[in-house]
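Same chain, two partners: chain A is paired with chain B first, then with chain C.
Right, the complex of A and B next:
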């Protein structure tokens, strides 16, 4: 590639304009990106689709030829009510809860940052940044320690406060409290991004508009509902769509907590389920098919967002 | 314009895919065998293999193969099957790997290990090698993974904690003693909920079974059989009424509660005695503190008592060892493999109370102490998990850990057992 560049040095700018040659240069500049994308995203994707139509187990990974099974993998998954559908439904419910809590809390923090003084705002920003910068693996491990059955600070505090014996109470064994903890960790990690983005949007609203509304006697909540919210609506949409995608893809937090002591079967989300089916149990064909179905679900969710972005570009 | 862009992108993606898959196929062909010095990576799991054995392996290998190096990389038992599945099929596979005896079948059946030919088998020990473990590493009449060591669980106790309480002689007495001894600060038996290995003897002693294969090849799981349920009831009694260990914890660092003096009986692999008997202030900065001067001083061992006295049927814990099919240097890997199964190396393992891979070396295990004697009694009566290549999936799905955590949390035994049986049958019969 570089040799082509050396052999034929780019002609001066004016010459290009005169000749109106097809634009090779943009393609050339794009090619590096496309090669990378092709290798890192395209190839695995094609492989995923291919594998989803094969019987692909541990032995095939070692070079045994894979047998084509048509839609068998898909049929097995789509009829697996206790497995796939339950996990998918669980992931969706969890996603809805996570998105709602994240956006609401993020909005509240953003509004808080609008109101507080400079020093406090700096403090809040630093706090948010720290939470955001924390890798989720490390964060989950620490949260796991907080709720540790034997030495956890939560059980210790509860014992001190209530006087009952909380030592040995397992928070992770019960799926409901497991997901409460997952929600805490995920929301804790996701609020900073939402808060910063919304804060940035909210500060762009012209001062006069708010002032005028205030003079007209609009209450704080009315100002929020009728002025601030409509102004940042497009930002909220983007945040909701992005959060939906991130929260559906949830893996690290659930996987780590399961390792610490959760019931895998009752707490798996779709990402973890794919990992368990594929990596842990060696059913790569079936796992790929779940992956493909999941990609389709994700595309359906992302579609409005992509369409919106494209439409805005056109304007 | 837009259309053009799409077509272009699609075209390059397809070209790339083809090019890459072509590469992939070419890479699959056997590379010409290298000779001369090289590197060998040995994966050992957990801390069971003592440092002396590791040093001996490295030193001997590098003496026998001048210029070559051997690296030992320690793996964790947690998630081992997942890890091996990817690591052993990749281009950067380790050369020699240790694998849990119950997990071996998942890999031997799928071609992950290099075959040990009949000649090699004879050289490495032949009929002297532990028969049950050789069987665990066989697939369709060929050898793939040979025994590494075996070590059944021993019940540890210290007279300082136990006091005048009589040492139980039957399984029922063991349960009763545990319940009697338990206070808020003392576990009669310290039993983290996820430790399913320790639960199996109760099932077996009460006449239950994990899973049995019928003549038509289907598996029938037996936790909800009459004997199985009786065993689970006893397990629940100990776990909930005789135990302070967390119901969702794993059996790691068991010496910690023992060294706090908060445990009367601790059923654990025999090498735990060295963790308990380690000095309070380890010389090695990474060392784990023990309690050599207190509860380690009068540490005693006992084979888990059976229903009618004697030693109970316990789980035959241990490891197999194999050469990876994708090892870049099978010649050097075999050299390391020979050392691992040599009398000298195996004697080091025997020295710390593990049962060596060769029956002729059993006498090297010190049986003058109560711990050594208990380990030998337990080993003589040890049993394995069902011999199915799919058993590893039961383990990697952590079905048993979850079930016993729930039992430890006090949930209904019958419901758990029926669910567990259904899940196990679904996997084994799939």
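Right, the complex of A and C next:
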């Protein structure tokens, strides 16, 4: 086909577009979204900030007017070393551990998938998919059952292997082993996504590059450090930021493990702490202030990711 | 020499792969296996590792479904209702919004997209308190409508973002070609673009489904009455430690909740990793 044939219809095409598209049409299409997000995200956010400056307890729930208390709620939180700061530090330490373990294991599994044959790779994929698909709540109950004090299979196997009696050993009572189990649950559920994503990235590296390095005598570790890792560096960055966001928001796993038998005082992470302070103890004002701080922290963590996405999409 | 070494390494990595499979699949297997075992083979040191025909039982499912503490039927209906409504509303609203953001050039478009991205990063866990007060103020606590509204707003940014990617993937020129051939604008869209978007709509819808089906925190705050519970809250009643946990029933309940989520997840999982990589491997 000649290029004149292709070029010819161009002017009328633009005319069609101009005529049929009134300027308010896109906003009409966006109106439902704006209403929903305005009323159910914007308004709650504003309300959260407002409540964080009020004295809001059970009495206010019953209709007593809420008094303005300025920064009192914030002052109470920020001076509460045993409560707020401990919870915040705990959440951050847990987040760092979870992210590091998830990314390292995910990378190792991805490299393993590169190395083994087709059949084994399929087997690994099936296992990973099962773990990935499990709802986090069901995953928590299952892991709670695996580590059950009386009849858990872990205690059973440990007894058989070590010869000591592990029956009756409570994993959830001690905060440290409580968080070991939280780590198991979260990492087990998160590694598949990381491994599949990294594997997809690794397979896109041209084979010649790796072969050339091999001929030049690079060891497996050198090939990983000097070729594979730089290739997938941008993927790793995205995965780290996403994992940070997900792991800091951790709620279900911690909350339900506490139900099964953990110490709420010693194991709450920030989301659970907001629920405990607000919904359980009735200090809605203080809990709102913690919520505001939480939102600010999350947005700060997400900021580089948002910027990066916008740059990549060339907006 | 080298050959033997390579074969040894191959075997070693094969064993490692097998270990990865066992570690990731075992908890799921254990959940299913336990759910079919009688109590005397779950408890005690004489553990059964497989529900052989002589011990196989459905008692746990009976115990879970007919639990006096929390009725199963209303929980299922609540979950299905909320999930279905969230899915439909989020898809329709998100779809027209993604059209506006991809097929139109207008002032404020970029700002809107940035806003969608930022809103996606606001943790719902932080807002449970004000959300509780607002839904209470509207008299919508313990109602499917109240929870659906919160869920829809929760999944909408993700829905718009994903659908935007899918719509961008269908070249505008296809539509324009159809219009030159005499189609109206709407006709070109319905006959050309929409069929090409169907898989994207299905994938996005399934993600909305999974999120709403599995959601826990908001439901915990908004659906406090026993008859208003969704399935995750119903499952939680089994492990709240007031007496010895009936683990057989808990595992049966977990299986019941996990089945729809797992099935739908397996349908669309391929699209999950694809998106991140195609955008990120540019180096």
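We take it that the second predicted complex is superposed on the first by the 288 of 315 C-alpha atoms of A that agree within 3 Å, B and C clash if a C-alpha of one lies under 4 Å from a C-alpha of the other, contacts with A are read in each partner's own complex, and residues count from 1 in each chain.
As a working rule, a contact is a pair of C-beta atoms (placed from the backbone, for glycine too) under 8 Å apart; a residue touches a chain by one contact, two chains touch by 3 or more.
Source: prediction; values computed, not measured.
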| said: In the overlaid three-chain picture, which partner chain does A:43 touch, first (chain B) or second (chain C), both, or neither? | reply: both
| request: Pick one for A:276: touches chain B only (first), chain C only (second), both, or neither. | output: first
| said: For A:226 in the superposed arrangement: first (chain B), second (chain C), both or neither? | reply: neither
| request: Tell me which partner A:209 touches in the superposition: chain B (first), chain C (second), both or neither. | output: neither
| message | By the touch definition at the top of the document, which applies to A:144: first (chain B), second (chain C), both, or neither? | response | second
| query | Where does A:75 make contact in the superposed view: on chain B (first), on chain C (second), on both, or on neither? | reply | neither
| Of the partners chain B and chain C, which touch A:265 in the superposed model: first, second, both, neither? | first
| What's your read, chain B or chain C touching more residues of chain A? | C
| request: Could you say whether A:299 touches chain B, chain C, both of them, or neither, answering first, second, both or neither? | output: second
| task | In the overlay, answer first, second, both or neither for which of chain B and chain C A:93 touches. | result | neither
| field | Common ground on chain A, meaning residues reached by chain C in one complex and by chain B in the other | value | 27, 39, 43, 148, 150, 167, 259-261, 275, 279
| request: Spell out the residues on chain C that touch chain A in their complex, using ranges where they run on. | output: 10, 13-14, 16-18, 20-25, 27-28, 30-31, 34, 42-45, 47, 93-94, 96-97, 99-101, 104, 106, 109-110, 112-114, 117-119, 121-123, 125-134, 149-150, 152-153, 156-157, 160, 176, 179-180, 185, 210, 213-214, 216-217, 220-221, 232, 235-236, 238-241, 244-245, 247, 250-251, 253-255, 257-258, 261-262, 265-266, 269, 272-274, 276-277, 279-283
| message | Residue numbers of chain A touching chain B in their complex, please. | response | 27, 31, 34-35, 38-39, 42-43, 46, 57-59, 61-64, 148-150, 165, 167-168, 170, 172-173, 259-265, 275-276, 279-282
| note | The residues of chain B that touch chain A in their complex are 8-9, 12-13, 16-17, 20, 28, 78-79, 81-82, 85-86, 89, 106-107, 109-112, 184, 193-194, 244-250, 325-326, 393, 396-399, 402, 405-406, 409, 423
| chain C contact footprint on chain A (complex, rising order) | 9, 12-13, 16, 20-21, 23, 25-27, 29-30, 32-33, 36-37, 39-41, 43-45, 47-48, 51, 109, 112-113, 115-117, 120-121, 123-124, 126-139, 141-146, 148, 150-151, 153, 156, 159, 167, 188, 191-193, 196-197, 200-201, 204, 231-232, 234-235, 238, 245, 248-249, 251-252, 255-256, 259-261, 270-271, 274-275, 278-279, 284, 287-288, 290-292, 294-295, 298-299, 302, 305-306, 309-310, 312-313, 315
